[in-house]
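Below are two complexes that have chain A in common, paired first with chain B and then with chain C.
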Partner chain A sequence: MKKILIVDDDPNIRDYLVSLLEDNGYTTRTAIDVRDGLKIAKEYKPDLITLDLEMPGEWGPRFYRQLSQDNELKNTPVIVISGLSGNDYAISKAVATLSKPFDREELLNIIKENIV
Partner chain B sequence: MAENILLIEDSAEHAVALQLYLERSGITISIGTTTEEMFSKIRTKEFDILLVNPFLNGKSISSEIKELKNSIPLLQVIIFCIKQNLNQAMDEVGTHAINFLEIPVNSKALNLAIIHARKCIANDKRIKIYSERLADLEHDRTLYHQLFNEVPCYISIQNKEMRLIGGNILFQKDFGNEVGEYCYEIYKHRTSPCPTCPVIKTFADGKSHSTEEVVTALSGQQYHVLTQTAPIFNDDGGITQVMEIATDITQIRQLQGHLSSLGLMLGSMSHGVKGMLTALDGGIYQMSSGLQKNDPERIEKAFDLIKQMADRIKKMVLQILYYAKSRKLEYQTVDIVHIFKTVISTVTNLARKNCVQIEIDIPDSIGEMDIDSNWLQAALVNLSENAVEACIYDKAKNKNHKVEFRLWEDNNHRVCLSIKDNGMGIDQETREKMFTLFFTSKGSQGTGLGLFIANHVIQQHGGEIKVESILGEGTCFEIYLPRKKAEESVAPFGKSIERLS
Partner chain C sequence: MFKKILFATSATEASDHAARVAFNMAGTLGATLNIFHVLGVPTRGFSQVVLDVKTKEEVAVDGEYISWVEEEIKNYYANQLANCANCSIKASVGVPHREILRQAREIEPDLIVLGGTTGSEEDSVYKASTGSTLQRVAKASPCPILAVNRPAASFWGGLSNIVFGTDFSKASDKAFEFAFKMATSLNGELHIFHALDITPKNMGMSMPQDEIDHKIREAYKMIRSKYISKMKDFKNYSMNVWEGIPYVEIVKYTREKQADLIIMAHNSRKLDADGPKIGSNMEQVIMRANCPVISVNR
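Then we have the complex of A and B:
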């Protein structure tokens, strides 16, 4: 089964993504901030990551920068799911940027297209 | 220098002899033979030197000479007389004359006396100009000092260490005369420079910078100020000091149209709103998938989440409505004990889930009081939730987190409520800003409205709210409310905070 890492500081949204993705046949793990996310990404080696931008401590773009410096992780597709408006360019190499509240089908389609 | 000399001598022969001698040296002189002539000539023309025999026709005119010298201080007086009278002349005229010559007048002595007089004239004129300039300078200095002092802004001068070197009268009145203290301590009670300090920037680039700040005066009164800086250069062009001008814009901030700030508020809240809506979506998804799978646990969890989100959205909408339309209070006679207990029950779930203990010290009855229960309840819920959240977000381990609720009556028959937590505590800067509109320490989770409205509701009730907090140890809010309806004296959205000391 394909593995997805969910990085978001809001527990309700993490729960939502976990249910949605697991119901659709993925296994998931969650991280509550950038540091947590990087640590889990290194050991979990996810096939895809969903990333919130605005989180306590370090923000999403910083996560992405550190991720892309890691040879094992740099090719992992990242989907930005954020409440910030005009965030399309915050992480330009993300495979997609969805704005909260997001469309379920759209998210599932993007995952399907990008997960290898 | 072509000075004018007036010669007064009763002997016309002697006068003419002197005139001839002096005119040979290129000096023009006028001649008089009586005191009357002396006065009339002086009145009609300006003379620099008075060459005078003080014994006209055997009569002393010393007092007239002195009178003249006193009325025209720049006039230099040279006395000449016969040897027998010289002593008397010196006694009578004294220092009013610069020289005493003997008849027959020695030409060299006369020349020297006139040269001496010229020097005296030049010196006197110079002194006169200098003292005039000095008076101008003093006048300008007083004027500039007055301008500096009377400017209706706070002006302070800071050195490179951010220490205050001086301030104008308004600054000293509201912030004290603490020369040598750090500006951030005096203005904001911080222990380190403010992150966006315009003074540091001005020291760095010599340009003017500005920021908007909330500062707290000695009285505890808070001011919204617009600060602008300007460099002060020394003779070598280096910046040794920076002047900071802070203009009180509190009124402007208060008068800002509610509708325009509503737009701003919605913008600043949109991230939180989006999060809530996403979580609500999540609840709905889990509810429907739970129903499909017939998974009661998931359904229950989803329902909890939907309820929680609906509550939060409701609260937020109510806050927006409150802010959009500053409404009058609707007083009812209520049992405050009952209301406080209801408030506490709204946070017990949250507290229990997060292992925060709740302690209640409330008498069975304290009698009735007149309040707008809806809004007071909203304010109390807000403070109670903050207390529980301060415990939840407290990173300190080995702490038995708890929130204590107390209710009592004070000596002034006011109803007092306290909500005390041992959570993370609040630093002083936050404490000073916490009741300001849109200020939040909760990031995307906060709207910056809760405490602003809580404070305003309590003020509208004629009550007061006090905050005591120690960083890392916890916070205590105390609310004092009169039992009877207050005079509606609180202007909409007026602000004041009294700190416990």
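Then we have the complex of A and C:
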């Protein structure tokens, strides 16, 4: 089963994504901030990551920068899910950027296209 | 490092992304934020009327109107102000760049934050040049200015991964001192970058590759002797020299490094009076960068 890591500080979004993705045949793990996310990413080795931008402490782009410096994780596809305006500019190598509230079918299609 | 920030705003969408940077910087660095708005006079001479930013109509100016504008600004930034411990709002009447510089002399900020141009999208120069206020403030500012010209250049969670772009001028030495101080005080990373200009100049002849390689080696030597030698125990840095069109290379390099901030000097004294007042490379970097740009003048 393909593994997805969800990095978001909002518990409602995390719960929603977990049930949506597990109902569609993926296994998931969640992280509440950048530090937590990096730690889990290193041991869990996810096939895809969904990433919020604005979180307490470090923000999503910091997570991506550190991820891209890790040889094992640098090519993991990342989908940005955020409510910030102009969010599609934040991480240029993200496979997609969705604004909250997002369309579940759109997210599932993007995951299907990008998960290897 | 930044105790006092002057945020000059049009309080319109053009300043929204600069506002994100200004409020976040003030919050993270514990600085006071002075939000300053200028009610522009429509003519060069003495005038009793100003142009309302929103309606674009001429309005007779009096104390009541100024207080109303300050109230409007307060409402516009209500969300951000709720979390801003040390913010003040001031509106003033006059020619924007002159009033901003006057305010800067009065409160002596460590940094002036400016947004994009308020020129309309239909205006042909809208995306081709920075606003005249930004250029004029940058030229005469007593402190560094931070420009956020496009949504992509907004705040994305940090200011500690810094690109310092140098042309090895004296002004660049000052900018280096500033960039190094910022990198050390924020415990960040400093990327020292020089772009070797290889745009064909002499009758369209392009530079031979041997000469390019030689100049790149020379540039690395310069970086080592001018900057690296002054950084003592600071190890969190990298240096690169790329050849190309300078502003394009700086923007590309910043994207590659996923940097949060570009710091450059501008050599306003050498400039042609008809060209941009902050140098064409600086102007283009401000226009195109995907992070805030700090211009150091002196």
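To be clear about the criterion, the second predicted complex is superposed on the first by the 116 of 116 C-alpha atoms of A that agree within 3 Å, B and C clash if a C-alpha of one lies under 4 Å from a C-alpha of the other, contacts with A are read in each partner's own complex, and residues count from 1 in each chain.
Note that a residue touches a chain if its C-beta (ideal position, glycine included) is under 8 Å from a C-beta of that chain, and two chains touch if they have at least 3 such contacts.
Computed from a predicted structure; not experimentally measured.
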Which of the two partners, first being chain B and second being chain C, lies in contact with A:G37: first, second, both, or neither?
neither
Which touches a greater number of chain A residues, chain B or chain C?
B
Contacts of A:E54 with chain B and chain C, given as first, second, both or neither
both
After the superposition on A, what does A:D15 contact: first (chain B), second (chain C), both or neither?
first
Quick check on the superposed pair: does A:P46 touch chain B, chain C, both, or neither? Answer first, second, both or neither.
neither
With both complexes superposed on chain A, which partner does A:R62 reach: first (chain B), second (chain C), both or neither?
second
Chain C-contacting residues of chain A that also contact chain B
54, 85
Please give the residue numbers of chain B that touch chain A in the complex, ascending.
270-272, 274-275, 277-283, 285-286, 289, 298, 301, 305, 308-309, 443-444
In their shared complex, chain C is touched by residues of chain A numbered 53-54, 58-62, 64-65, 68, 85-86, 89-90, 92
Chain C residues within the chain A interface of the complex
16-17, 150-152, 154, 156-158, 161, 255, 258, 260, 290
Of all residues in chain A, those that touch chain B in their complex:
10, 12-13, 15-17, 19-20, 23, 54, 56, 83-85, 99-102, 104
